[in-house]
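See the structures that follow.
Same chain, two partners: chain A is paired with chain B first, then with chain C.
Here is the complex of A and B:
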C-alpha cells in the first residue's frame, strides 16, 4: 500500500499525466465532471460526478470512419484509429461496476466493438472508495462494495489528510511503483456509511417475465415526459445511433448516444413503430434494466448510482419502481 | 471470396467494404434488385436468411436480406420505403456502394434437411424466402418436395417474375402457385388473398417446414390458416424486421425482450415467437 499526502495530489496527477491523459473529477460551476487534468484545476473528491465517466470509453459522439464520394465513386478513406492511454482518477465503485456491463455489451456475444475495445484496453482505473453515500445512492442493494472496487487497477481510500492507494492489477502495480510522490505505508480501510435507500432487485427478473402485459406500465408511464435524461445520466445505458456528416465530397460516419425514450429510436421506414407510445418505451427501459439485461448477461443493468432518481424532472424513481414491481400482484 | 475484405469486416464489423453496382433490375414500380460486384471477390458468404447492411456512403445504411449471385457478386432486392431505399432507387449502374455483414442467424438449413419445404412469400417478403429456395435448389437432394406460394397486390407488383413464372417451374418435384389481390385485363392467374389461397391449396403438414415471410398483416392472417391445416408452431418459420443501426447486438434498438433481432434473428420459429413479448 502507498500513501499520498493530499497536499501532493496535484504533483501526483502531473506525474500521471506524463504517461497518459488523466481524467479527474473537477468542480466547475458547482458541477463535478470528469475533465482532462491540467495543472491548475481543482480536483473535487467530495461526491460523485454528475455525469458518469462512460463517455471516456463510449464517447457521446465518436467518428467511426471517413469516406469520400465523387459521382459514382465511393471510398472508405480511413478507419478511426486506436486510442491514447488514459487514466480515470477517482472513479467510484458504482461506475467501475458499470464498465463491466459495458464490457458485456461491447466485447461479448460474438462481436468485439473495436472502438470500445481500443479505449478499454488503454484505460487504467484508479477508484476511490465511498465513505458517505449520497441520499440517492443505493449501490449496497446492487451488490457493490462501495468501500473498495474489486475491478479497478488501483483502489484508493480517503483517509482525511491523506489518500491510500493499493494496486489490484499488474498494470496498476507498475504505475504505482513509478510514482515518486508516493510513500510506502499502511492504513485501515476507512468506515463507510450504509446507503439509506434499500431495494431488492434479486429474483425480480422471473416475476417481470410474466408482467409484460401488466397494467402497471401504463400507469407508470403517465408521469414520464420522455426527456431521456435518465438514459443520458445512466452509466449502464449504451444505446447508440449511427449517422453521417457530409462536407462536399468528403464525409464521416459517426455514432452518438441515443435513447430508448425517444419514438424515432425504433420507428421504421414506412412508419411502423413497435414501441409507439410512452407506455412501451418506459416498459422497455425498466424491463431492459431489470429483466432483459439479466437474462442476456446475468447482471442487473443498474449500479445504484442514483443519478437518474436525483435528476429526473418528474421524479421517476427506479428504487420505488423496483419496490412496486416486487409488490404488485401478477395473474399466473 | 476476398479474404482481405472478410478480415476487414471481422476486425471492424461496423465499417463497410465497397463494391460496384453492375446490374439493376426493375422488379416492380417500387422494387429493384441490385447486383454488386466486389473487385477481389465477394467479402462474405451469407447463409440463406442472413442480412447485411447496404449503404450509400453519403446517405446512410439499412439492413436487407442478402443473396449470393456468384463468386464476385452479392444481390439485394429492396422496396422503396425510406430515406436509404429512396436514394438507392435513384442510382445507376456503376455506382459504388458500401456493404457490411453478414448478420443474424439465417434459416435452419440443417434442421430442414430431409423435410418437405413449403415457402409462402408475400410482397417483397419473397426476398428472404428466395434465399432459402435457392439453397434448396442448389442442394436439391437434401430436401423433399418444394412448394412455393406467392402473393402480391397486383400483377405489376410481382417480384422475381423470371423465377416465379419460369425458372422455378423447371425445378424437379417443385410446385409454384402465384396469386394477386387484384387482377387486371391480362392476368389469367389466381385472384385471391394469400391466406384463403393457402387454405385452398391445402399443403400437408406431415414432415414439412413452412417458411412464411411478408408484411405483418399478411403473416397475421396466414398463421390461423396454417394452424387449421395442422401445422404446429415448431413447423412454422418466419423473419422479423426491426429498425437496426449496428447489426451486431450493441446499439440496442432491435430488441424484442432480451432477444436482438440482428443477432438472434431475423429468423424465428413461431414456437420461439410465442415465448417472446408481442412487441414487433
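Here is the complex of A and C:
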C-alpha cells in the first residue's frame, strides 16, 4: 500500500500526466465532471461527479470515419478510434461497476466495438472508495461495496489528510511503483456509512416479464416530462444514434448518445412510431434496466449512483418504482 | 397551510366523486421532504395524498397538453405562475377553457430545494425562497374558477432586481459575453428538459425533433448547442411567463432565465412593457401587428 499526502495531489496528477491523459473530477461552472487534467485545476472529491465517466469510453459525440465524394468517386478515411492511454482518477465504485455493464454491451455476444475497446484497453482506473454516501445513493442494494472496487486497477481510500492507494492489477502496480510522490505505508480502510435508501431489485425480472400490459405504466408515466436527463446522467444507459454530416464534397459519420425517452428515438421511416406516447417510452426505460438487461447479461442495469433521482425534474424515483413494481398485483 | 390542504383534498374528492372531472392534477410528497412533485388523481380515494406546501414548485400547466383529447374535464391547482401558463396555452389555442376547472392557490413563494438539501425538515421557515420566487409579482392566480385561500399580499418588488442578472451581463464586453455563454452552453447535454417543461413550448412537432430537414444536428458540440439555445430563446420571445421552470430543471445549471430575461427586457424597451400570460386579451408583442411598432431597420 502507498500513502499520498493530499498536499501533493497536484504533483501526483502532474506526474501521471507524463504517462497518459489524466481525467479527474473538477468543478467547473457548478458542475463536477471528469475533466482532462492540466496543472492549475482543482480536483473536487467532495461528492461524485454529476456527469458519469462513461463519456471517456463512449463519448457523447464521436466521429467514426470521414469520406469525400467527387462525381462518381468516393473515398473513405478511417479515423483512429481513440487509442491513447488514459487514467481515470477518483472514479467511484458505482461508476466502475457501470463499466462492466458497458463491457457487456460493447464487447460480448459475438461483436467487439473497436471504438469502445480501444479506449477501454488503454484506460487505467484509480477508484476512490466512498465514505459518506449522498441521501440519493443506494449502491449497497445493487451489491456494490462502496468502500472499494474490485474491478479498478488501483483502489484509493480517503484518510482525511492523506490518500491510501493499493494496486489491484499488474498495470496498477507498475503505475504506483513509478510515482515518486508516494510513500510506502499501511492504513486501515476507513468506515463507510450505509446508504439510507434500500431496494430489492433481485428477482424482479421474472415478474416484469408478465407486466408489459399492466396499467401501472400508464399511471407511472403521467408526471414524466419526457426529457433525457435521467438517461444522459445514467452511467449504464448506452443507447446511441448514427448520423452523417455533409459539407460540400466532404463528410463524416458520427455516433452520439440517444435517449429512449425521446419520441424520435423509435420513429421509423414513413413516420410510424411503435412507442407513440410517454407510457411506452417510460415502460421501455424501466423494463430495459430491470428485465431486458438482466435477461441478456444477468445484471440489473442500475448501479445505485442516484444521479437520476437527484436530477429528475419531477422526482421519477427508480427506487420507489422498484418497490412499487415488487408490490403491484399481477394477473397470471 | 393545513386548512388549505384539507380544502384542496375535499375539492378534488368532490369533483371526482360527482364525476365533474375525469382527472385532477396537483402535488404530492416526493422521495425527500423538500420535494412535492406533480400528482395525477383519477380515483377519489387518492385525493388524500394531495399536498400544498412550499415545495410545490412544479408548474402544472404544461401537462394539459398531454390531455388535449381527453373525453372529459380536468381540474388542476394553479399558483400565480401556473395560471400565467394557462393563459399562454389558451392564447395559443392549445387548450379549451370549457374543459378546465381551475383551482387557484395563492402562493407564499416556494423554498429553494437546493438549500433545503443541506438543512433539516424543521428549518423550513429559515430557508431562502427559490430564486425565481424572490422577485415574483404574480403570486395570486389571475385566472381561476375557485380560490382555495385568500389572496396573498403582493410584496413590493424592486424592478431592478428582476433584470439584475441581465444588467450584469450587459456590462460585459462582447467577447466576455460570448465566453460566458459559450462555457455555459458547452455544458448542455441536450436533454431537452428546458423545452419539455416550458408552457411556452407547445408546438405539436418541435423543430429540434425533425429529422428532415435536420435543423438541429445531433452532435453535442458548441455550434449545435448554441443554435439550440438561441433558437429556443427567440422562439419563446414575448411568450415566456418567467416561471423559471427551464432553469430549475436544467441538470447542468445553465442560467437560462438570464437569456429569457434579456429578451423580455429588450421587448419591453421596443414595444412597451408586456408580461406574458397576465391578460388573455393582451396578445404577445411579437404575435400581433401594431402600426406604431418601431421600424428603424426598414
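Things worth noting here:
Assume the second predicted complex is superposed on the first by the 328 of 332 C-alpha atoms of A that agree within 3 Å, B and C clash if a C-alpha of one lies under 4 Å from a C-alpha of the other, contacts with A are read in each partner's own complex, and residues count from 1 in each chain.
Heads up, the rule we're going with is that a residue touches a chain if its C-beta (ideal position, glycine included) is under 8 Å from a C-beta of that chain, and two chains touch if they have at least 3 such contacts.
This is a predicted model, so every value here is computed, not measured.
In the three-chain model built by superposing on chain A, chain B and chain C fit together without any clash. In the superposed model, A:260 lies in contact with chain B only, and not with chain C. Of the two partner chains placed by superposition, A:326 touches none, neither chain B nor chain C.
Of the two partner chains, chain B and chain C are each touched by A:241. In the superposed pair of complexes, A:51 makes contact with chain C only, with no contact to chain B. By the touch criterion stated above, A:223 is placed in contact with chain C alone, chain B being left untouched. Chain centres taken from Cα atoms put the angle at chain A, between chain B and chain C, at 90 degrees to the nearest 10. Within the superposed three-chain model, A:190 lies out of touch with both chain B and chain C [touch as defined at top].
Once chain A of one complex is fitted onto chain A of the other, the partner contacts of A:315 are limited to chain C, with no touch recorded for chain B. Of the two partner chains placed around the shared chain by superposition, chain C is the only one that A:30 touches, whereas chain B remains out of contact. No C-alpha atom of chain B lies closer than 8 Å to any C-alpha atom of chain C in the overlay. Residues 241, 243, 258, 267 of chain A lie at the contact with chain B in one complex and at the contact with chain C in the other. The residues of chain A lying in touch with chain B in their complex are 64-65, 67, 69, 72-76, 79, 105-106, 109-111, 113-115, 212, 238-244, 246, 251, 253, 255, 258, 260, 265-270, 272, 274-275, 280, 284, 287-288, 291-293, 295-296.
Those residues of chain A lying in contact with chain C across their complex are 28-31, 50-51, 60-61, 135, 219, 222-223, 225-229, 231-233, 241, 243, 245, 254, 256-259, 262-264, 267, 278, 309, 311, 313-315, 317, 319-320. Residue ranges on chain C touching chain A, taken from their complex, read 30-32, 35, 37-40, 58, 62-63, 66, 117, 183-184, 187, 189-193, 195-197, 209, 211, 217-221, 245, 248-249, 251-253.
Within the complex, the chain B residues that touch chain A are 11-18, 56-62, 81-85, 91-92, 94-98, 216, 241-243, 245-246, 248-253, 255-258, 263, 277-280.
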